[in-house]
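We just call them A, B, C and D in the order they show up, numbering each chain from 1.
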Amino acid sequence: MTGSIAIIAALLVPLIGVLGIVGARHKPNLRETVTLVTATCLFILVASLLTPVLSGARPSVTLLEVLPGLSIAFEVEPLGLIFALVASLLWIVTSVYAIGYMRGHHEKNQTRFYAYFAVALSSTMGIAFAGNMFTLFIFYEVLTLSTYPLVTHSGTAAAKKGGRTYFGILIGTSIAFQLLAVIITYVTVGTLDFTQGGILAGKASDVVIGLLLLLYVFGVGKAALMPFHRWLPAAMVAPTPVSALLHAVAVVKAGVFTILKVSVYIFGLDLLADIGVRDFLMWLAAASILIASVIAIRQDNLKRRLAYSTISQLAYIVLGAMLATEAGIVGGAMHITMHAFGKITLFFCAGAILVATHKTEISDMKGLGRVMPITMTAYTIGALSIIGAPPMGGLWSKWMLGMAALEAGEVAMIGVLMLSSLLSIGYLLPVSIQAFFNTPDPQKDGKPVFKEAPALSVAALSFTALGCIALFLFPDPLLHLANLIVAPVN
Amino acid sequence: MRHHLVLRVVAKLLIPLIMLFALYVQFHGDYGPGGGFQAGVIFGAAFILYALIFGLDNAQKVVPSGYLMALVSAGLLLYAGVGFAAMFKGGNFLDYGVLAGDFIAGQHLGILLVELGVGITVCAVMIVIFFAFAGRGNGDEEDDDIATSPDLSPDSSPNSAREV
Amino acid sequence: MIAAHLPALQIAVPLIAAPICLLLRRENLSWAWATFISWVVFALAWVMLEKTLTGGAFNYELGGWEAPYGIEYRVDALNAFILLIVAAIGAVVMPYARASVAREIPEHKRGLFYTAYLLCLTGLLGITITGDAFNVFVFLEISSLSSYALIALGRDPKALTAAFQYLIMGTIGATFILIGIGLMYQMTGTLNMADLAKRLPAVEDTRPVLAAFAFFIVGVCLKLALFPLHLWLPNAYAYAPSVVTAFLAATATKVSIYVLYRFVFTIFGQSFSFDVIPLESILLVLSLAGIFAASIVAIFQTNVKRLLAYSSVAQIGYIMLGVALVSVAGLTASILHIFNHAIMKGALFLCMGAVYYQIGSVKIEDMNGIGKKMPFTMFAFVIAGLGLIGVPLTVGFISKWYLITAVLEKGWWPVAVLILLSSLLAVIYIWRVVEAAYFKAGDSDDVVVKEAPVSMLIPIYVLTGASVYFGIETSLPLGTAAEAAKQLMGIGG
Amino acid sequence: MAWLGHFNYWIFVFLMMAGFYTVIARGNLIKKIVGLNIFQTSVFLLYITMGKVSGGTAPIVPEGGSEGVVYSNPIPHVLILTAIVVGVATTALGLALIVRIHEAYDTIEEDEIQDIEENANTLENSGGQAS
């Protein structure tokens, strides 16, 4: 009973926060306090669900039934809980960071920014806790809608162009493919509830199931699987906290989360393993990983480089799902967390560099390590985590994914993982090298002076960098939770 | 208009006759060919003839447009009123049979009243249309009700037409 | 006593109210009277729907003449539902009308405006309730003539040419219907719908019946603005006074669609309409073409009312697509969309009326930054617009869901994909307005534009609220639509 | 020559097509209304034609009973009376609109009106304020 209240509260708290934020729009300090309090409350609420879920309970609540068999319902299961925990924890951190960034960067319309941010978080919670595909679809769309104002925050022509690409691809794929898949599922099965072991097995012909898989995977544009990845670099016009939380954590992870969820609870791993097009999708994910990495190397703009890196890393998770093994799912779920911590650190650093030195291009960052030592150290930690090098958390998820590929007998995929790790060294570490080992151009940049970003921002990025290390040292709770996805406690 | 002496004299002679004929068509309608539509048009024609010969201003003195609008409504109200009266007397809407003592008398009374309503409305509408067109461009710009008045005529027709 | 006379009262009340309205002569009195009558009509329609849902269909013999000799009014689930839609839109629009009409229509015409509105309402209700084929034509003309006049009251001189164009095309359509009805009468000797349905099968192989069917379908498709017979609609809706646009967009074409249902399914019968004549393939192609062509044209409009008008043509395509499926599910979707579209389009046009009230224009470029100046109006626009796109938790989603389910039931996969793709076009055209309203800076030194008066906002929010409420609590429209669809297909009921 | 026997239908078809053609082909609004009238009139003829019973007389009960008298069907006449009234109303409304259009545009030629409307559109788009 308390579980269902916590679910509803998790959805409502950010919305109540919106009211508070709008109400306090003339008092910036109060407004930011409201944001922080809201974020903290949300995290506590989500964390309170941890104990029951670990003990095998599945708190659930049904709000209303729109059509027979089509209801707005929520159910907390381990995968969703992982996602919700990551998103709500990082919201607190991002809020702290955003205060420093937004003020340091003198952004306009800050109230709108914080308000829509909270709405986006509410819909993220809706996605994480969705009890059926219909609910998930609704919150998926709400998330797209609520993040559009954030992407186009600056209001410039470039921002609008980026926003249109963002909106067009996400809404387009979700309506044209995902909704169609949802309706076909509903018509063939009669329900959309997420059920352990899937609902589709034996209900439709192979062709239909293969088609459905294609529709689901491509319909989730947020997973940025090629060729529907273009929105992610386009969305980099957004302010950095948005890129950090939404385009490294909430939005993109909502995408891969949906794919994992559909794989486990709509198709079921047994059925998934038998689908012919799964092979094709697996190779597509592998291609995405490599192509995006290569493109990333050629980017000079730091945020764009990180965006392509994200595309590559997301494809890892899709790959994990398409391996259709338990280890693949567990690896994917862990990678959601690991990548979230790593990538948010990197984005925080990119933003901190922008605020402190107004630099966006990597080629201008020579010797930055002396100007911003903390930031650049954190950057290196985050980069190592993404690469999957010890002693960072990223190691574990890549490890799991590699094991899964081995288990599934897809040796080629191990090769892909190795190669992409090499490539990620190639696109992430040069920034650190540039910052620490190259001397700055004295004519252009003058004498290096210690000039860090606002303290709040630095605190935030240090926290997430430490998180990367902590996840390496203490991965057990996460692993335990992830294992529950495929092996539920009875 | 002074020189159209023949026209004026003939018109003065004819107009009462036209009106009389209209009344004949009106009240003979329940026994033989005739009825409110025809009578209304003929009656309206008398006024239009008057307006043609003696000028629009004189005609409008005879029937000011305010009265005409009232007449348009009155005819329709009479028609619908008969329908409601039948309903209050326990029959269906427009069930004339219950209006008077026995069925036949009720039918007579009902059709007479309804046709009278139709006749009044049709006559008034014809005159309104004529006035509206003829008055156009004579510095009578603001009175452009023409766009809305014609639609008053068909609505009296549907239900009664079948009972003629 | 009233209970027995409900069908007659439904028509007689607005009919008798019209001349009284004319006699009132005072703008405020006319408005109050028209509003009062609209609500009475709404209450009557509501009671009748309840009655049909609990007790089944019932008849009313006008003048006590027994059918098929006299004119009969027949109320079943389908037309009680349509009556309710028409009456409800009328009742919601009238409180709004006062402020809007005061801004858009010259003072000496306002009394006439309300009279014409009442006549139009009478006509639309009459078409729906009557069980007599010829009576359909008469009421059709009453509603059409009064709507030509209403449209011509728009401020832009283009309203006049739009009304004239509508008059020409509408009259051609009505005359075609008249020819169709005449030929049917010639072959069967009856005008009563139920009687026609009984007698037509015996003569259905004859050429006059085929000709009657052809004339009738073309005529009614002109009236309901099925692509490519929609040419009158965009200008008529774009330049009519805002209230008129909202009222007509939500009701007039819907009632024509009802006529199509009634004749195609009840009178000609589905075996004749779809087996002897391949009506469904014609409708399928035309409705799909209409959905896409009209949606694409809508994207390029600069006048938002015109944009919404083209969107209406596209939405009519969805409704007709449901008919083309010739299944209970398809018809349910179709009837459901009539209801849902009436709510959404009514709300959208009312929003535009409020915008016009404040800034005197509905062009997209004049609406830059209006989201901040008229937050409540534009919020409602966004919600109703989401419905048009088919976003979940709005009515638009429910009808699209049912339509796609029905299409999949037939196994027409490509059509389902096309429907979803067309939703994307709706996203684009609604988004253009939203973008201008919220994401473009308006002239800051502009004259102070305020929110619309409360009397306009309340009707807007009633419809917007309904578009959300019925997107969640679907039992009333869904149950009624399903029942009506079953009756049309001759199953149960 | 049996088809000549139904000459009244041929008249109906001829008038209908003539009227319809006029409505479509003529640019002059008055001529359009004239065409519309001819078009509608043809339908009146169709209805009256169908009411005729060969050898039938007007449906009035003669003195001395109606034994053996054949009547024409009066219903189509009644129906068409309504349609005629509708036609009159349509014509009146159409002409009224033409008067207003003439006042607004100074012409009743369709193509000229279109030119004026398009010019107005381009003016508005080039920055002019909508009235």
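Here, a residue touches a chain if its C-beta (ideal position, glycine included) is under 8 Å from a C-beta of that chain, and two chains touch if they have at least 3 such contacts.
What you are looking at is a predicted structure, and each value in this text was computed from that prediction instead of being measured.
Asks: What chain lies closest to the overall centre, CA atoms only?
Replies: That would be chain C.
Asks: Which chains, taken as a pair, are joined by the highest number of C-beta contacts?
Replies: The chain pair sharing the largest number of C-beta contacts is B-C.
Asks: If you average the CA atoms of chain C and of chain D, how many Å lie between those two points?
Replies: 26
Asks: Between chain B and chain C, what is the gap in Å from one C-alpha centre to the other?
Replies: The mean C-alpha positions of chain B and chain C differ by 34 Å.
Asks: Counting in whole Å, what is the centre-to-centre distance of chain A and chain B, each centre being its mean C-alpha position?
Replies: Each chain reduced to its C-alpha mean, chain A and chain B end up 78 Å apart.
Asks: Rounded to the nearest whole Å, what is the centre-to-centre distance of chain A and chain C, using the mean of the C-alpha atoms as each centre?
Replies: That pair's centroid distance is 45 Å.
Asks: Residues of chain D touching 2+ other chains?
Replies: Correct list: 75, 79, 82, 86, 89, 93, 97, 100.
Asks: Indicate the residues of chain B shared as contacts by at least two other chains.
Replies: Chain B, residues with two or more chain partners: 144, 147, 150-151, 154, 157-158, 161-162.
Asks: Could you say which residues in chain C touch two or more other chains, in rising order?
Replies: 138, 141, 145, 148-149, 152
Asks: Which category does the touching pattern between chains fall into here: line, ring, star, complete, or other?
Replies: Graph shape, chains as nodes and touching pairs as edges: none of the named types, so other.
Asks: Let me make sure I understand the interfaces: which chain pairs count as touching?
Replies: A-C, B-C, B-D, C-D
Asks: Spell out the residues on chain D that touch chain C in their complex, using ranges where they run on.
Replies: 20, 23, 29, 32, 36, 39-40, 43, 46-47, 50, 75-76, 79, 82-83, 86, 89-90, 93-94, 97-98, 100-101, 104-105, 113, 117, 124-125, 129-131
Asks: So in the complex, which bits of chain B are touching chain D?
Replies: Touching chain D: residues 32-33, 37, 122, 129, 132-133, 136, 144, 146-147, 150-151, 153-154, 157-158, 161-162, 164 of chain B.
Asks: Please name which positions on chain C make contact with chain B in the complex.
Replies: 1, 5, 8-9, 12, 15-16, 18-20, 22-23, 60-64, 70-71, 108-109, 112-113, 115-116, 119, 122-123, 126, 135, 138-139, 141-142, 145-146, 148-149, 152-153
Asks: Where on chain B does chain C make contact in their complex?
Replies: 69-70, 72-74, 76-77, 80-81, 83-84, 86-87, 91-98, 142-145, 147-152, 154-155, 157-159, 161-163
Asks: Using the touch definition from the top, list the residues of chain A that touch chain C in their complex.
Replies: For chain A paired with chain C, touching residues are 64, 66-67, 70, 72, 134, 137-138, 141, 149, 152, 155, 160, 163, 167, 171-172, 175-176, 179-180, 183-184, 186-187.
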